[in-house]
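Notes follow the structure.
By written order: A, B and C. Residues from 1 in each chain.
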Amino acid sequence: MPPRLTVILKGLAVPLLLLAALEGYARGPGRDSDALAPPSKALLALGQAAADGSLWGATAFTLGSAAAGLAIGFALALLLGTWLGLSARAGRWSFLTVELLRPVPSVALIPLAMLVFGFGARMEFSVVAFAVFWPLLVLVQAAARQVDPRLLEVAAALQLGPAARFAKIVLPAMLPRLFVALRLAVAIALVVAVTVEIAANPHGMGYAIMLAQQSLDPALMLAWLFWIALVGFAVNALALWLQQRAARRMGAAG
Amino acid sequence: MNRVNRVAWRDTVPSLLVLAALLALWWLASHGQWVSRVFLPTPEATLASLREGLAGGELLQQTGQTVLRMLQGWLLACVAGVALGALIGISPAARGWLQPMLEFVRPLPASAVMPLAISIFGLGPNMVLFVVAFGAMWPVLLATLHGFAHVEPRLREVAAALQLPALDFVRKVGLPSALPDVLAGMRLSLTVSLIVAVVGEMIASQPGLGQAVLLAARSFRASELFAGIVLLGLVGFAANALLAAAERRLLRWQRP
Amino acid sequence: MTVAPGGGEPILRFDGVAIHLGGREILSPTTVDVRRGEFVCIIGPSGCGKTTLLRAAAGFVAPSAGRVLRNGQAVHGPSREAAFVFQDYGRALLPWRSVAGNVGLALEAAGVPAAERAPRIAQVLQTVGLAAHAGKFPLQLSGGMQQRAQIARCLAQQPALLMMDEPFGALDAMTRESLQDEVSRLVRERGLTVLFVTHDLEEAIYLGDRVIALRANPTAAKPSVAAIVDIGIPGPRSQLETKEHPEYLRLRRELYQYLSH
């Protein structure tokens, strides 16, 4: 048996065993539970949600809000972080302010976002944007700081304006590290989006799973739990692949 | 991750000026009604709410509740996470069977487990504690696993050459070697603990800062909302700073 | 040499030991005895299996054929009796323990009670000249001092056999020379048997009672062991005089051929 296959099978053995145990329990002694359902029923519920479109709608909402928040947060962090990284003085002087604002947990802003935007996409992606902005700021700043000073001298010698300097010299130099930062931000964005939905926003995958629980439908709830885990895994794997590909093509980051 | 080296003294004044400028901006924005007063309270109003809340006791109590919840869940998570992570990390066989499953669960948002927890525990403090502990366990477990799986092979050989008993190996070589990873995992876990505690309070209406800010928003009391956000920021800041200081102390040998 | 190698049962015997790694035969079946108190140096070009042979002696590697016997007993794994000094000393010291702590680890592993440990640690640190640095951490020490710390830990095991894997390869010439003399002295004082791997021919002749030269890519016609030569240089060794001694120079010429190819 090829080694790759053995690794995969070995990795699946324990989870499958656990699922089988759950199946047995949920069909037997746990029959009337509101919390547990047989995985087979959960799979059916998942199939049904896929068929009637609710699966795709909710997933699209969550992914869309996460992406929008990520885009906004990333763009802002890129601009500010590059400036703070290139200008040592700006970096040092802003350190205190950033360190004081950074630890505010993004979930603390959910009620504020609710107040300002009501429910919906804007409320969600604004919280996501806040959540990804701070770690991205730190990472972008570090990436900008590590741009080879020689390249900056080249930019000065060519008398490039700030926009051209950024686009042609600084940004390409930072690119490998930006992909690493992006990977981290993608993970955060998805988690925060789902969290906002669970806490407040009646849209998306987080709301779907809460609704399933409230309707006392454990099969659907477990289906959503599995689906959320799967989506998270897939998105993270994609981000990792992207990062590794970028690293190979552009030279490895630090 | 290494943050910028501590700011030198001559940067203190400009740094404070930057902070002051930001506060001034806030003051202008709120007084000038650039944003509705409903959403953006004035700094003074926020400060007043803070003072009232802390002196009168309610905000103080709520902060205490949130911190307690965060710490309880975090400690449980650390004990379970380090123990499991060490056991699995040390054994290549265990890793082979379990690591893929753990990697699959890693990206799952901790809050996603809340509906399941509600079905089991109902809407109460136990539910929140369970989810906090469960969510916070993963960063510590995975970091510990990584630390123990990557003990310097040369040190393994040294331990074998000295015929060091297995338990001693874990205590004297494995754990100190994994400590940097474990501490980093614990720091991440603390962040998760705070977040999940706040969300749990919001959903299950448990006393704490999470509930406080939610109620303030619902009643359109912006200054109380902001006061709560400030306090949550302070809790996050203090927790992280204390843990980072402990980390530096424990890892002194890394920077001779 | 002041202590003549003892007679009787060899302390270490390679009995038809062959080692295959990654599909290749690194070491062809080799039979060699090491007598008690001997200082045996193993030289050879890279890939000849000298480190592998050493690791087999220490019990880190199981031979693909034949056996390694220590005091007549087959070796199944590492043992406290056979201390091993690694070339990459930086990785072989616990960075979170001080020098004294690292040496102490050997004593803790042997079950020495706490009260006894401190004086023994102090004594062994004195021997290697690190008494003043007992409280320092490995990252605070120079390469030579780190290697001495490792040697100190090995000595604290009170081994019968000391195995050294190119221990001075990463050090500068002056440190290397002073450590060579120190190790020579320490080993003589304690009557230790030493198996010393090096790529430095001069070092091998300077330190050893016997030199084993190995070949890379052994075949049936040209097995791993190319030569085993007794070092008959009279009198105590000294960095300046010994290296001008005619016997030294003759040996150097004779053994030089085994280093190339």
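Keep this in mind: a contact is a pair of C-beta atoms (placed from the backbone, for glycine too) under 8 Å apart; a residue touches a chain by one contact, two chains touch by 3 or more.
Please read all numbers here as calculations on a predicted model, not as lab measurements.
Greatest Cα centroid separation from chain A: this falls to C. Every chain gets a centre from its CA atoms, and the centre nearest the mean of all protein CA atoms is that of B. The distance from the centre of chain A to the centre of chain B, each centre being the mean of the chain's C-alpha atoms, comes to 18 Å.
Centre-to-centre separation between chain B and chain C, using Cα means, comes to 50 Å.
Distance between chain centres (mean CA atoms), chain A to chain C: 54 Å. Contacts from chain C toward chain B in the complex involve residues 58, 60, 77-80, 82-84, 86, 88, 91-92, 94-97, 105-106, 108-110, 136-137, 139-140, 157. The touching residues of chain B, counted against chain A in their complex, run 1, 3-4, 7-8, 11, 14-19, 22, 38-39, 96-101, 103-109, 111-116, 118-120, 191, 194-195, 198-199, 202-203, 209-210, 213-214, 216-218, 220, 222, 225-226, 228-229, 232-233, 236-237, 240. Taken together, the chain B residues at the contact with chain C in this complex read 152, 154-155, 157-165, 168, 172-173, 176-177, 179, 253-256.
Here chain A touches chain B in the complex through residues 7-8, 10-15, 33-35, 89, 91-97, 99-101, 103-112, 114-116, 138, 187, 190-191, 194-195, 198-200, 206, 209-210, 212-213, 218, 221-222, 225, 228-229, 232-233, 235-236, going by the rule given at the top.
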